[in-house]
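One structure below.
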Amino acid sequence: MKVVSLDRPLAYDGLQLATAFMDRHAPGEDDALVLFEGEADVSVERLVDREDAEAGAFIYSPRMAHVVGEHRGIELPEAVWRQRLLVRLAAEWIAKRCGVAVDVAGNDLFVRGGKLSVSVATRSPRGCLMHLGVNVETEGAPVRAAGLRDLRIPPREFLQALGRLYAEEVASVAHAVGKVRPVT
Amino acid sequence: MKVVSLDRPLAYDGLQLATAFMDRHAPGEDDALVLFEGEADVSVERLVDREDAEAGAFIYSPRMAHVVGEHRGIELPEAVWRQRLLVRLAAEWIAKRCGVAVDVAGNDLFVRGGKLSVSVATRSPRGCLMHLGVNVETEGAPVRAAGLRDLRIPPREFLQALGRLYAEEVASVAHAVGKVRPVT
Amino acid sequence: MKVVSLDRPLAYDGLQLATAFMDRHAPGEDDALVLFEGEADVSVERLVDREDAEAGAFIYSPRMAHVVGEHRGIELPEAVWRQRLLVRLAAEWIAKRCGVAVDVAGNDLFVRGGKLSVSVATRSPRGCLMHLGVNVETEGAPVRAAGLRDLRIPPREFLQALGRLYAEEVASVAHAVGKVRPVT
Amino acid sequence: MKVVSLDRPLAYDGLQLATAFMDRHAPGEDDALVLFEGEADVSVERLVDREDAEAGAFIYSPRMAHVVGEHRGIELPEAVWRQRLLVRLAAEWIAKRCGVAVDVAGNDLFVRGGKLSVSVATRSPRGCLMHLGVNVETEGAPVRAAGLRDLRIPPREFLQALGRLYAEEVASVAHAVGKVRPVT
Amino acid sequence: MKVVSLDRPLAYDGLQLATAFMDRHAPGEDDALVLFEGEADVSVERLVDREDAEAGAFIYSPRMAHVVGEHRGIELPEAVWRQRLLVRLAAEWIAKRCGVAVDVAGNDLFVRGGKLSVSVATRSPRGCLMHLGVNVETEGAPVRAAGLRDLRIPPREFLQALGRLYAEEVASVAHAVGKVRPVT
Amino acid sequence: MKVVSLDRPLAYDGLQLATAFMDRHAPGEDDALVLFEGEADVSVERLVDREDAEAGAFIYSPRMAHVVGEHRGIELPEAVWRQRLLVRLAAEWIAKRCGVAVDVAGNDLFVRGGKLSVSVATRSPRGCLMHLGVNVETEGAPVRAAGLRDLRIPPREFLQALGRLYAEEVASVAHAVGKVRPVT
């Protein structure tokens, strides 16, 4: 799994959850993660989650640490289980890094009751795409929020660590799949 | 997802990782978890993990808390991701329950350098089966081990909690799969 | 499989063959049938059957007994075989209930040369959806039609019976899938 | 779908539910049905149905009309739905042919409380195989049985009709799968 | 696999890579090839290849020999491997027919540095579709091109031969798939 | 795709078409080819091809150039199409290298009427495995044979070239799969 870090800030408005985005920033045929920082501003009509869209929700943060990932040739249920792991890896790293309790509820991370993250996984033409955004700053967020700045975690350090942990997990799962005999 | 707790102790010797075991203890057509306590004694020729078998390993614990689970109609990669989540749910619950650090490495849990668990997932005729065994007592274990008894965690309480958390995660993933629109 | 009966009449114009319709009337993660009565009025541009649409067909009945069903995570060929079973269960119940001969041709039911039903199955974002509409009244139908009213069958009784029979068949098939050994 | 009628009687002992049997009698790459008459004598250890095998059941009839079918490249759930259709086509043809009521319960046909048939579907290396056996004579059957002889139905006529009806249904389903647009 | 030759010239503008085109010219439920000759004129917005479209490419030839093929129920990776075989069968036949060296690069054929062909394979609602167009005449082509006319190959002879070779390969692969035992 | 060349000769007796062989010589989670030279001696009971086994065939050559390849997570039809490409890449390279005509018939290569190769592809626990063996020397072969020695092709040069060409084709197909939009 390729892990690509973008040097310059990039705003996330929902259009980055796309095959073309992966082709631009992680060209080649490998599954990949693209890591970057930037504003998040996803209007209701670009939301991928139909429930949130029907509820009129939107996403805003002046600065988030973003992970956009692609897995080719897999179905959505497997992608959602991978996404759940990605989210828990983030929670565990943050908790260990600064000693704070990080609560996980489905796809969401919370610190002291403040929402730390947004995440979604969905189908794309050649497999599945997922996004995890973790607040760095929280001014203007539509709900009570928590952010990496308050936790004194440099976003770049967080993204590098998470990219590495997830890539290791992907390799480890592939290894586990390949070494068992079937049962009856 | 059905969760069934067995009242009486049952030894795990590897033959419980089988469709027939699920049919006996969780009859019906639902995906299911069967929870029980008992000795674990899996000889090398019954190991499902080919690497461990080639290394001549075996499994022994005088008492473990066991989870055997079945998911029908899924392929092994998805099953291994589910298993990874199950293992992390166990780690998080134990850590929160008794304030100890629980390290996760792939499928394995460690407490203070002692191995707390064994786990495997593999293919079966109608889907995939997985096993997670968490040491209660550790005398005679082939490696340095940790157990729930030393952590003062009643195994029944652990199994009930883990069964509930995993069933909730399964329902939550199914919900997430059903509410997104595809992207391009 | 969940079976939900709607108390109030609901017109069917084609937009009910949709994931959002299932989420509204049968929320949760289970496969489901929604049963209701109401006018059927599907214009040519909403037809799911491309052949019928190209032929300029439309669907009209002042009152039909409707079944809209969803099966998640299956491919269309399996869904069409399930639909064929649903249609035959309807035929057999009607024939037994009032002693009339009900002819089945593909997805269609006929009584004394009159068309009794319309049906279609197709892909949806999370699996497949199917619709079966059985005429209650037939005034204004675009072809020679038969209806439950002339057969003196209360539509509610028909829908309840069909929902129960199909749910039993679904459970019975799942059971059969889970109890066989493979052959060579 | 190829339909092949064997001219000479052939006993069914379970070994005919095999890829090699299809290759011998219906060579080529098409899905196929092989139709034949002969004794049925399947001992408990050759039963494909694990429940029946555990119950110590066996199959015996001095003469049955047999259908062995293969569908390549499909999974077992779809094969069981196809098998259910095959069984219902048999029931409907017999009922219409001689005016008797034929009851269907899952895979089984009954006439006046006597069991008329046995059937199973399962996985094979290149897809799925199914067997339907309909009693012609019933002496020595292990349960109360009914047979085509008592219904005055020539087994050859029955097999030809069923082969034709099922092949038509297969073609009709393929046609239906290919002519619909997806919905949302 | 059905192979259909159209008698009259037909221009290819990209809209022929469609399920409806196959239904019109090769009705029925079989996988099929449709062979025809005619102008090729595909504007950038009808290109299926996103890279070519982003590069502003288009396709033009005053006369090409066209193959449009459909394989139902397969995924795109398998379709691209089939397409690669189709392209190599074309290369080998042309090379043997007129003693010229035909170079293959991915999907493309070259003769003496001139591009002889265009080809693409992609997903469709019921499987995958592919197109291979081989230049007959080359005036006005957007790149340096080669054509069958210069090679003194009658396009009809080429299409008939290629259709036959590919249909034989498809049958031969199906045969190979059906005759092997699995390994460990 | 990883390509591994073994330095020392290794006899092929059929047991090399196995997951364990790939794990030993190409450890890791990637799809891989293992290239080696050595005697080929496969007795009838180790043949994977059921037709050949029933015909009592066996494989013998005093020295072959061998390719054993694994593709994880794919079904057999796709594997056979990949194998067909591998075989044609070998044919084209040999023909170009020494100006001889190489005929391809299904999986088999012939030079001047002598059989140059054996090949098979089949299912394995985690995907598919394939073998291609090309004669170097031909004394003792059970059929009229051709070999690389007579063609003055060093087997190592052949294996290196074929490994590279096939790995490039695999990458090129993955690229093609990822860059097309679906059609209707």
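Just so it is clear, A, B, C, D, E and F label the chains in written order, and each chain counts residues from 1 on its own.
The definition used in the following text is that a contact is a pair of C-beta atoms (placed from the backbone, for glycine too) under 8 Å apart; a residue touches a chain by one contact, two chains touch by 3 or more.
Just so you know, these numbers come straight off a predicted model, no measurement behind them.
Summarising the inter-chain layout, the chain whose CA centre lies farthest from the centre of chain B is E.
After Cα superposition, the angle needed to carry chain A onto chain D is 180 degrees, rounded to a multiple of 5.
Between B-D and A-F, more C-beta contact pairs are found at A-F.
Interface note: chain D and chain E, two copies of one sequence, contact each other through mostly matching residue numbers (shared numbers exceed half of all numbers used). Note: centroid distance chain D to chain F, computed from Cα atoms, is 41 Å. Note on chain placement: the centre of chain B and the centre of chain E lie 51 Å apart, centres being C-alpha means. Centroids built from CA atoms put chain B at 27 Å from chain A. Annotation for chain F: residues touching 2 or more other chains are 19-20, 50, 73, 76-77, 123, 125-126, 174, 177, 179-182, 184. In terms of which chains touch, the assembly is arranged in some other way, matching none of the line, ring, star or all-to-all patterns. All chain pairs that touch, listed by label, are A-B, A-C, A-E, A-F, B-C, B-D, B-F, C-D, C-E, D-E, D-F, E-F. Residues of chain D touching chain F in their complex: 20, 73, 125-126, 181.
Here chain C touches chain B in the complex through residues 19, 23, 29, 72-73, 125-126, 171, 174-175, 177-182, going by the rule given at the top.
For chain C in complex with chain D, the residues that touch the partner chain are 17-20, 48-51, 74-78, 80-82, 84-85, 88, 92, 104, 106-107, 120-125, 129, 169, 172-174, 176-177, 179-184.
For chain A in complex with chain C, the residues that touch the partner chain are 50, 76-77, 123, 184.
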